[in-house]
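This is the structure I want to talk about, given as structure tokens.
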Amino acid sequence: ATTLENVKEKGHLQCGVTSGLPGFSQPDEKGNWTGIDVDTCRAVAAAIFGDANAVEFTPLTAKERFTALQSGEIDMLSRNTTWTLTRDASLGLNFAGVNYYDGQGFLINKGIGVDDATQLDGATICIQAGTTTELNLSDYFRAKGMEFKPIVFDTSEQTVQGFAAGRCDVLTSDRSQLAALRSKLSDPSSAKILPNTISKEPLGPVVRQGDDQWFNIVKWVLFAQINAEELGVTSANADDMLKSDNPNIQRLLGTDGDMGAKLGLPDDFGYQAVKLVGNYGEMYDRNVGPDTPLGLDRGINALWTEGGIMYAPPVR
Amino acid sequence: MQTPPKDQPGKKPGIIRVEGMHKWYGDFHVLKDLNLTVDQGERIVICGPSGSGKSTFIRCINRLEEHQQGKIIVDGIELTDDVRHIDTVRREVGMVFQHFNLFPHLTVLENCCLSPIWVRKTPRKEAEASAMEYLERVKIPDQANKFPGQLSGGQQQRVAIARALCMKPKIMLFDEPTSALDPEMIKEVLDVMIELAGSGMTMLCVTHEMGFAKTVADRVIFMDGGEIVEQAPPHEFFTNPQEARTQKFLQQILAH
Amino acid sequence: MQTPPKDQPGKKPGIIRVEGMHKWYGDFHVLKDLNLTVDQGERIVICGPSGSGKSTFIRCINRLEEHQQGKIIVDGIELTDDVRHIDTVRREVGMVFQHFNLFPHLTVLENCCLSPIWVRKTPRKEAEASAMEYLERVKIPDQANKFPGQLSGGQQQRVAIARALCMKPKIMLFDEPTSALDPEMIKEVLDVMIELAGSGMTMLCVTHEMGFAKTVADRVIFMDGGEIVEQAPPHEFFTNPQEARTQKFLQQILAH
Amino acid sequence: MMTESTMKAPKKALRPVKWMRENLFSGWFNTVLTLGVAYLLVTSVGPLLNWFFLDANFVGSDPSACTGAGACWLFISQRLNFFIYGFYPDELQWRVDVMFLLLAVSFVPQFIERFPGRKWLGLFGIFGLPIVGYFLIPGGSFGLEEVQSSKWGGLMLTLILAYIGIIASLPIGILLALGRRSDMPIIRGICVVFIEVWRAVPLITVLFMASVMLPLFLPEGVNFEKLARALIGITLWQSAYMAEVIRGGLQAIPRGQYEAADALGLGYWRKMGLVILPQALKMVIPGIVNTFISLFKDTTLVLIIGLFDILGTVQSTVTDPAWQNVAIEGYVFVAFCFWVFCFGISRYSQNLERKLDTGHKT
Amino acid sequence: MKKQTIDTRPAGPKPWYDPRVRSLFFQAVAIALVFWGGWILVDNTLSNMESRGISTGFGFLGETAGFGIIMNLVPYDATMSYGRTFWVGLTNTLLVSAMGVVAATILGFIIGVARLSSNWLVAKMALVYIEVIRNIPLLLQIFFWYFAVLSNLPSPRQSVDVGGALFLNNRGLYLPDPVTQEGFGIVWGGILLAIAAVVGIRIWAKKRQLATGQIFPTFKVGVAILVLVPIISYLVAGRPLEWDLPALRGFNFGGGITIIPELAALWIALSLYTASFIAEIVRSGILSVSKGQTEASKALGLPNGLTLRLVVIPQAMRVIIPPLTSQYLNLVKNSSLATAIGYPDLVAVFMGTTLNQTGQAVEVVAITMAVYLTISLLISLFMNIYNRAVAIKER
């Protein structure tokens, strides 16, 4: 059976997320998940079922995530996962797009008196197991002829704990996380983020290889959200927009054409995703934008029309 | 080597028939060409030196051991590999072991009721009533609710006898039932057995209690080296043994 | 606390002297005012009903149990808390237990050599030679290299005797050395003990083997309820006991 | 000769001095030991006491109330709800409370001698409780609102895992043990391999397989709850240990018992069920209970596969930046919870052992 | 009464009443079920892997790993292969297991004996230790030693400094590293000589004791030789040893030998936890030696020390060894909890990062399990050999 059939039969989408990373996927005290990665899953659920809550989250460590996806334990992985060639090609996975363009950075303890990554020779570095950051770090230090001691933890939670306990001088991860992780310190002012960015980290949802229909669904739900932002459709005005005579909007919201049917979805999948979850900009602002504790500017994640690189193929 | 013909009514001839029976343990030939016919109501005592195969023989009769050649027919049923036959035969044959082998986790009464309830499917009430009867017969009704561990050896062996009787078996096998007991307890148990013998039950008893043999046995069988060397009524057996081996054995035993 | 004057070469009077000795287990008064003097070479048999304190008494003599009141003087040394005295006394006193208490992880020979080598500091060669002598004396030299678990009960008890003898003790204590044995093995062990008795060793023996008592004992001591009720030479003891309790006990035993 | 009544044991004076001389200061070695240990105790007990109680903060409503140099127990009481129920919805927590209550009602009386109907409560605890729990906790039937297993957590999850694991591992262990003692070489072989393989691998590898790899081995579409899979992993793993414990008991039953049962005409299953197993199980109660206790402790490993048991919930909250350095308090709290249960169970087993002893040890 | 004629009875039972046939049948069914189940699993796995485009095979072991590992006993850097990460993980597992086994054994024996001490206070303390430690989950104890204790250690700049050679901080314990200089061969020679001498003395002393019964203080003399000879040869050779002292370089200590906190926490937790079980084993082992044995030994005049050494301990060991073995096995398996605190053991490195980077879960997990199975089987094998060697001989 195809993944879509399985999901429909189960009645919910099984989505792999982190075990707790503010802004991306984080449960609150009642176990309700929020975050941009979580919203990406919800949008897919909304598109399939017309219900943004028809989704269950499986918290995974970085180490476990690909195995869980490969085995079929989860239907899609939306866990700030970097798109790389190896992952795409030899792990039997397909990346369905990018929901956040990121890069790797360093969070340091101010006490060590360093203000550039090139001064980190000999540093002890806390890092999460099974990530691209682990690999980039090695590359970077080798290229610069420096040494480092990696302290490898299972979860980002633990890396902060190790950093806070003084086990390491530096914590390295995707830049987007550093701010969030810093906010978990009891004295955030004791740490600072170095200006260096040592890698490209395009993060996005992942599905299993071999089911193109499912691949397309996840991909186009995300594109639909990005297109919605570009077209000015938001969750607030989605109902009004149903009456829009812009053909792009009509196709997006399913009032014209059978775009959904081509994917195996209801034709209003775009409407449901935007109505129930929001367009990409809403998703961003709600979870990681300047008004959130993370306070991240759109930067390169702005639409291409606004000087960023967020660019989705047209719904046509 | 044939039983004297019996003609009284009620006595079924040949309730146990062993014909040309052999048994090996691996390469060791324990029982050699045994032939024996026991009539209903007969009381047989088996004796012989240690290792002569007495226990093995008696255990073959309710198939705790398997024989490899010859026939054993108990109450008309031949003992073969057929599980139904084995079960049927075991129901008719009670066994009393040298070391009692009571179930220590059950009370005396429960020990006695186990087989009636689970094998014979007697209602519990009935089974208990009948068990109490047998416990009275072995003179320990007052111990019914104790655990075996709380009884003396003699009492335990009497419970073992009652337990076997509760199955209402046609045949009772005793394997040295008194040899694990202190002298004073031996008497207790022998008394019960003598009484039982009086009631006309078919009994096969391995024992060296020659007094018992003289009192109750219809026949004494002497085994050595896995063979039946001699069988005779007790009077004859003790006063006028035919075989040299028997004579030697009797000398030892009686001198003791 | 002085050795009694020696006036007879060889025969030391009062090699064991027990004076007004009492012992309690918690509040339970096990031994009551015992008085006994044993001369060198004397052979004493202690008997009495179960629980009368025979074992406890004999164990006090090599201080496996502590007494709380009175004196015990062995070979001129009073048994007190002083460890040196205890060690010295134990070197002179051999003990044979009811349950043999052989060391299962050592061969028969090693069992016998343990004390000579480690306590008496005898060279191993010598110790082994002497152990073999004693093993011959108890008639099991051929078992020397077996482990205790591989021997029969009678053989084990004979090893236990040999082991005690290897210390070349002045005094031997036996605590019901035959009661854990089968009848045929009892004879083996008694034979060895009788032979030993003949060699003039001081012996204290708790036993109910009245035959043994009659044959070898110089004195029979009867204990009951923690007291020495009667002591007399065996002839007198068996034919003409003074106390009512002794008479009753003898009746029981002999009727058996 | 003295009469019995006049002689009393010489005063084994119960005076403390005497007791101390015998138990604490007998010989120079013991004296040194005593003094050393006493010194350690005195120097450590004071600060510990201070930290635990005297300088500790118990009341207040937010982290700022934790001022003292001692423990911040406030943290525990503030988060207690989370530690006990995990993400279970507030308004439905009564369902869990009912289960806690039933659990207590069926097992606490087991510690009280002569409590009427004790046995029945115990039986209910073993057979009835799981059934009640099966309907009550997840809901979804009888008009109860459904609560996904992903919302279960805390102490409640720990108890569910341990409880089901314990109840399931015993019968599986028994079957494996019987299989390993079977006359049939192939059955025996299968059981041996099964037992040895499970016993040889670390539990976390088993949990890893159960939690993320299992669907890979199963036909497409066959799938069940992550919680259930963790449970199956733990149960099978422990049942291998259980099997070995029970085998020990089976081996200790003398052959005569088997023969007597045969002679009474009981078949294989009755022989085992009525005669052999009751004795064997009784004999290995300590081993069984130890296996239970280790299973109970091992449930914490589900944390590694992302389930929030009590340790998981605490672990995830001790890093809360609002509370400074509450790691020790958190861990001490969890340690205390586990200790109470484990110690309780082991005490109970010792009790049981003493009571079940029908005096057949000869 | 049943009426039966024996002669017409068939010689053999119908097949389905013959226990032999039945047993064969059950076994055939069982094995068929197992094979069927196994085949289904394998088939599913293969087809699932195929349909999902997961690569298979062990070729990945040769590929470049590209990630760093903090602690390696075999040479390793990020340019080496995944195969090498396996060895790094395995050696780290073996290291912490070996350290744990040694420490837990020593501690366990001490506490087990303390539990039987005549000293009331000592016995009670041992009891408290056992009852507390073994009733608390190991994972919790590991967290405690790691997170709770680590956060209370000073930073490298404020290290606890013992004589400028030994430093303790939240990066670990730093010890001086001996670096041998030219001429150290002489010291090696001295050490070998000392060992040879001690062995020689032992043999000689034993012979002499056998021959004359005199007992030579082998232990004391041996220790003296082992200490003195190497020291003298060291001095004679002109002190050919230099210590590489740890020193603060940049923001970390460099030089010396480091025991990282992950290792320390894991080691401490494993040792303390296992020791509480070993203590109980030791206690019951000693208690299992019957009172009759001690009495017999005393009756032979052996003093307490010798009784313990010659009679009690040899017998107790037989009881102790089998459960002790399973504790060792448990310790090795429990060392896999390393992954919770980032100690790079086999599970953390190989079944963690390597698995994740290569995505070949089935192969990696299979290898990992095979390793643990092998360790288990090897230990059991040795224990069985030992057991057979010391088993009490019986009839």
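Letters A, B, C, D and E name the chains as they come in the text, with residue numbers starting at 1 for each one.
The rule is short, and it goes like this: contacts are C-beta pairs under 8 Å (C-beta built on N, C-alpha and C of every residue); 3 or more make two chains touch, one makes a residue touch a chain.
Because the structure is a prediction, the values reported are computed rather than measured.
J.: Does the complex stay in one piece without subunit D, or which separate groups appear?
T.: one piece
J.: Which one of the chains is farthest from subunit B, going by Cα centres?
T.: A
J.: Of the pairs B-D and A-E, which shows more C-beta pairs in contact?
T.: Of B-D and A-E, it is A-E that has more C-beta pairs in contact.
J.: Comparing centres built from CA atoms, which chain ends up most distant from subunit C?
T.: With centres defined by C-alpha atoms, farthest from subunit C sits A.
J.: Can you give the whole-Å distance between the Cα centres of subunit C and subunit D?
T.: Computed from C-alpha means, the inter-chain centre distance equals 52 Å.
J.: Nearest whole angstrom, what separates the Cα centre of subunit B from the Cα centre of subunit E?
T.: 56
J.: Where the centres are mean C-alpha positions, what is the separation of subunit A from subunit D, in Å?
T.: One centre to the other, that is 40 Å.
J.: Using the average of all C-alpha atoms in each chain as its centre, how far is it in Å between subunit A and subunit C?
T.: Centres of subunit A and subunit C (C-alpha means) sit 89 Å apart.
J.: Hunt down the residues of subunit E that sit against at least two other chains at once, touch-wise.
T.: Counting only residues that touch two or more other chains, subunit E contributes 48-49, 147, 151, 339-340, 361.
J.: Which residues does subunit B have that touch at least 2 chains other than itself?
T.: As it turns out, subunit B has no residue touching two or more other chains.
J.: Where does subunit D touch two or more other chains at once, residue-wise?
T.: Residues 208, 212-213, 215-216, 220, 304, 325 of subunit D each touch two or more of the other chains.
J.: So in the complex, which bits of subunit E are touching subunit C?
T.: 209-215, 290, 292-293, 295-303, 306, 310-311, 314-315, 318, 390, 392-395
J.: What residues of subunit C sit close enough to touch subunit E in their complex?
T.: 62, 64, 83, 87, 90-91, 93-95, 97, 99, 101-105, 114-115, 117-127, 146-147, 149-151, 163-164, 167
J.: Name, in rising order, each residue of subunit E that touches subunit A in their complex.
T.: Result: residues 48-49, 51-55, 66-70, 78-79, 147, 150-151, 153, 155, 157, 170-171, 249-252, 254, 261-262, 339-342, 344, 348, 352-353, 355-359, 361 of subunit E touch subunit A.
J.: Which of the residues in subunit D end up touching subunit A in this complex?
T.: 82, 86-87, 89-90, 148, 150-151, 153, 208, 211-216, 220-221, 223, 226, 304-306, 316, 319, 321, 324-325
J.: Would you pull the subunit D residues touching subunit B in the complex into a rising list?
T.: 254, 256-257, 259-267, 270, 274-275, 278-279, 282, 358-362
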